[in-house]
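Listed next: structures, encoded as structure tokens.
Next come two complexes, and both contain subunit A; in the first it sits with subunit B, in the second with subunit C.
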Partner chain A sequence: MRLIPREIETLWTLFTAPVVWVAHFLVCYIGAAIYCAKPELVGLSFSAVRAGIAAATVIALSLIALSAWLAWRQWGFGTDDPPHDDPTRRDRTLFQGFATLLLSGLSFIAVIFTAMPALFLTECIR
Partner chain B sequence: MGQYFSLSAASLLLASGYAGARSVLEPAGAEAQQIAILFWVMLSGGAVIWLGVVGLLLHSALFNRRRLAEKSASSIILWGGVVFPSVTLCALLAYALWLMPGLRPFAQASSAALRIEITGRQFWWEVVYHPSQGPPVASANEIRLPVGERVELTLKSADVIHSFWIPPLGGKMDMIPGRTNRLSLMATKPGIFRGPCTEYCGTSHALMAFSAVAMEPEAFRSWLAAQAIPAEGAGASGGALFLRHGCGSCHFVAGTDARGLIGPDLSHVGSRATVAAGILPNTEDAVARFIARPDLIKPGSRMPAFDMLAPDDIRAIAAWLRGLQ
Partner chain C sequence: MSAAVKARSREEYKAQEERLRAVWANPAGWRYWTSVNNYQIGLWYGSAAFAFMLFAGVLALLMRLQLAVPDNDFLSADVFNQAFTLHGTVMMFLFAVPIFEAVAIFLLPPMLGAREMPFPRLGAFSFWSFLLGGIFVCGSIFFNAAPSAGWFMYPPLATDKEFSGIGADIWLLGLSFIEVASIAAAVELIVGIMKCRAPGMRINLMPLFAWYLLIVAGMILFAFPPLIAGDLLFEMERMFDWPFFDAARGGDPLLWQHLFWIFGHPEVYIIFLPAIALMAMIVPTFSQRPIVGYSWIVLAAVGTGFLSFGLWVHHMFATGLPQISLAFFSAASEAVAIPTGVQIFVFIATMLAGRVIFSTPMLFGTGGLAIFVIGGLTGVMVALAPFDWQAHDTYFVVAHLHYVLIGGMLFPVVAGLYYYYPLIDAKKLSDRLGRLAFWLMFCGFNIAFFPMHLSGLRSMPRRVFTYPAGIGLDWLNLISTAGAFIFAAGVLVVIFDVLRPKHREPRGEFNPWKAGTLEWISEPEENWGVRSIPIVRSRYPLWDQKDLARKVNGGRYYLPDAEEGWREGLVTSVLDAEPIQVLRVGGTSHVTIVSALSLGAAFIALTFHWWIATALAAITCFCAVIYWLWTGTGEIPEKPEKDVGLGLSLPLYASGPDSVGWWAMFITMVGDGTAFAGLVFGYFFYWTIHIDFTAGIAGPDAAWSLAAAILFAAAWGLMVAARMFNRRGATAAMRGLLVLSLLTTVAASAAGLAAPWSPGMDPTRHVYPAIVWILVIWVLAHAALGTVMQAYCLARSLAGRLAPKHDMDLSNVVLYWHFLLITAAITFATIGLFPAAM
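Take a look at the complex of A and B:
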């Protein structure tokens, strides 16, 4: 089994990082909301919620970093400069790789911003 | 009777003068202090960035008009347009988040020595003090706090969404029907501050305010003790007119048969800085004008007009209310 996926040409890889961002956002916000509304149902301390958010963040950032690395590879590791606007198969691939790389960067920062409150908030009400 | 009807701009100005300081940049409370520091940090940071951007623009437009190589242009975009804003925003977000626990210092419900329950109503504020010892004390349209002690505020609404804000003391918090929101305030300087309703709540939203009075703790405690017992003048003759004309079916006045709970509690209305929820100075004339035509002074108010009463009766009631210290 290969550790790093083979290079494939599909538009779906473009969305990987934003989808990870969405999933991380939902896990953090819904998880914290359920815990704070019904702490007795979950039966954990708020520290456990923060640890859960930390774990989800590490997983999300790793997935986004992987997606960024794949995009970088698709972009030819930066050998060509944008704007990649020739009507060729090569430019299409490079353009998609570059766009995926930028989206991965945005998603990486967004995941950090989503998780940051858990660094400072120590209880549901403050 | 015309004098009762006229809502003069002068009296409104006078009332706002009575209500005291209202700027978030002149903090008189621990929470407002943090908000003011946050504001100045953001403002200075923003100013530095603005100067940098405008300086760079002038530099490239006036002094250095040669074209940059594509490589160095890209690296300016990467560092100045991506890395720098991301790091700066991250730092500002971290700073703001770091402030948040300090703005909500209560760990447990009712851990503060004094809890004040405030209910927003169209267009006034119901206020009930819950000291850790002793019975609750009801009031309206004025909030008093001891300086140097943290007070917990429980914020509710009886009708629509209102929002509670005393700018020099702390941040803003909505009052939402069916919910109880909690806010903590600690005044650090004595003074009288104005608190406006900051969520549009109906026709007289702009005329819904209160005064917040920060007092020395000793003075506060004796004031609260005095509020807990009926005012001295409660038995005087104007009170009979108040009851005879039915005012007591909506208003509560401790020590009399006025037991209404629909309008503001008037037990000690004479001791408040303002009347009609922060919009009129507490003078006999203003009170009389309000009794005669509340709908002119505060459109949409649920209090009916009493201008069918003899002017002397209105004035006697106003004088009696002013005496409820």
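Take a look at the complex of A and C:
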């Protein structure tokens, strides 16, 4: 088994990083919402929720970093510059890699944005 | 070449052209309305949406007249309520979203070098549904029966029959019907953009308009279904007293707000992105150079598409949710400013790098973006929860949303109208009138809406029908009213420009703006889209591929002929657009109108609780759809392959993931699955808000739930086996398995029904039985549809229209069953096991 996936040809890889953002966002929101609605359910404190969000954030950022690395590889490690508009399979691949890399960057920032409230809030104030 | 050969080839060319023209021709006389061609449908769709916009605009002017002076009695409070509700509803559902379906249906095929969208009849069906639903909703105000609870219909006001009357039902049913039309359009757009591009148009060469529309169609697929789920719950409460939003019986009005805004916020971007897409076509043309940062635009489109789903709670900051929840949504609302800003900077960079021609479309585009930026900045303000608590439900929000929507959508649409008008009529609109209209609209808009920021900060609540004198609102409102009329004058100038007779003007030149993209090849006089389907080698083929227009119009590329009398286009691969199939699409037909109108009639009859009429209309619609499928889809071609020109021969039939029909089913079922997810979300939502969400009521019978799940799995297994046997040529075995699977499905449905039935769960008593019943009904309705599909496949096989190598119908039905299995498994696991586990 190899640790780093092979390069694959599909449109779906473009959406990897944003999908990780979605998953992270849902975990944070649903987790906190359930905790604040039913704190007695698991019997943990709010700091456990914050620790959970921190863990989810680390996992999400690592996955996005991996997606960014794969995108960088697909982009040929930046050997060519955009606009990648030649009618060739190679330029199409480079374009996909570059766009995926940009989306990984945006998703990385967006995950950090989502996680920031957990730095400041210490209870379920309504 | 000898003269005789030359003459013969010229004759042959003429004959080809004639055959092609005849195949794509529109019927004459009243039958013109049975056309399904993307040009006509796009034009009708757009015109209808504009007409609805004018209607809603008149409502806005009436409201402004009422608010011009304090203590005014021009409109009664009730009429005022109807006017603002209908204004918002019509602008959002009947103008902003449909206008882009219209523009996309009109523009995408020529832009992608295709002849047609992949499902032209579906497009026509979508248009007729939209038209009927729209007239029904708009017409209600003339009977003093319009919805009056605001365009987002919050319960408990809107569920109270005494306060909201029949208007709420008209809103719910009329709009559900239009939402179906939007999802149909989304299916069409996704498949069209992914599979029907001209050969060679790899995804790195795709016009940015197509990128945006692809993302928008994907967003429609995840945004509209939760609202359909919400509408279902809402209508069950209004019609049968199931207490989903009634707090006294365990319901919660907040669930509606969640479901509405999971739709409502992405919708803002569903509206905004296509407008920006028009700008992404207009800016390079008038900067006379390719766009700077193509990949950055793709980043922005995809990024906005995703992030916009993390914003919905910012409409609910004042509802008392935990602060940490608010903060997540506040953070995402700030993050979405990044991709939005990227697009603006890409446009600025393109203009700086090129030589800009300041034409009328550019004026509307840049003016609109300036307005949009102001709206974006107030958006960043209201995304901060503490500021929002001050500004919530005041005129500040009214100002913000109009800056965003009019700047981000209406102005770019008018820019698009001026830009693309030559494709409709082969003539340009007047430059002088355009500039006059722009300055009237631009000034009028700011005079009307800027003071609203101030009246909002002076705490004027939105939706009040009047206000007392001397509290600092008099002048601000009078100025707003004056501005609104100046703005309306500008809109009138645009309408005059479009409608004034132009037959005396000479035909305009070909590609009048010297644009680089493919849509400018098409000729408004011809219905065929492109004379022959080109090979694309550039993002701006008209700039980079010399002679392209001449060769395309000279029939030198693919499919220049229609010798078998079919409307044909090419299907190409997703990434590299390699030609893989010839797609025969449906032509002119009544069946789309009959099915749309009968479906509409069913919804309308349901509004007034005319049960028999509802049933009759629904049966008519069912028969029409079956007839449509039977006669117009899955046709077995007369030969396996066909020569498409340039020495290439392509198959005429595909099934499974290779076929466009399979993808349409997949996309539809993703939308369907999202609606189902909305209902499941409701189930768990009720669990979180109550200490014991069952309220001591006995839950569904676990044994029956388990039996239903097992039987549904068995029926699914039999379907998969049927497909396998059919492919091996064992037709009799396939038929037997189909019948067996149908019987198993009926048994599974009976078991599913018994689960909540046997403990006597009463859905009107409490929300717990109600939500269980709605989940079960959802599965049973899908199972019923599944049995129809099984019977249909059986009939197709018996009629010789489904064969071992031609199994498109069966393969699509098996795909449906994959989704049905997931739906049934989740439903019965949730209702049967979850209460026990808690």
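Following the convention adopted for this analysis, the second predicted complex is superposed on the first by the 125 of 126 C-alpha atoms of A that agree within 3 Å, B and C clash if a C-alpha of one lies under 4 Å from a C-alpha of the other, contacts with A are read in each partner's own complex, and residues count from 1 in each chain.
Note that a residue touches a chain if its C-beta (ideal position, glycine included) is under 8 Å from a C-beta of that chain, and two chains touch if they have at least 3 such contacts.
Keep in mind that what you see is a predicted model, and the values were worked out from it rather than measured.
Within the superposed three-chain model, A:Ile125 lies in touch with subunit B and with subunit C [touch as defined at top]. In the superposition on chain A, A:Arg6 contacts neither subunit B nor subunit C. In the overlay built on the shared chain, the residue A:Arg92 is in contact with subunit C alone; subunit B does not reach it. Comparing subunit C and subunit B on the residues of subunit A they touch gives the larger count to C. In the overlay built on the shared chain, the residue A:Ile34 is in contact with subunit C alone; subunit B does not reach it.
In the superposed model, A:Met116 makes contact with both subunit B and subunit C.
Contacts of A:Asp81 after superposition: subunit B is touched, whereas subunit C is not reached.
In the superposition on chain A, the residues of subunit A touched by subunit B in one structure and by subunit C in the other are 109, 113, 116-117, 120-121, 125-126. Considering their complex, residues 70, 74, 82, 86, 89-90, 93-94, 97-98, 100-101, 103-107, 182 of subunit B touch subunit A.
Within the complex, the subunit A residues that touch subunit B are 81, 105, 109, 112-113, 116-117, 119-123, 125-126.
Partner subunit C is touched in their complex by these residues of subunit A: 9-11, 14-15, 18-19, 21-22, 25, 28-29, 32-34, 36-38, 49, 82-85, 87, 89, 91-92, 94-96, 98-99, 102-103, 106-107, 109-110, 113-114, 116-118, 120-121, 124-126.
Considering their complex, residues 194, 200, 202-205, 290, 293-296, 298-299, 302-303, 305-307, 309-310, 320-325, 327-332, 334-335, 338-339, 536-539, 574-576, 688-689 of subunit C touch subunit A.
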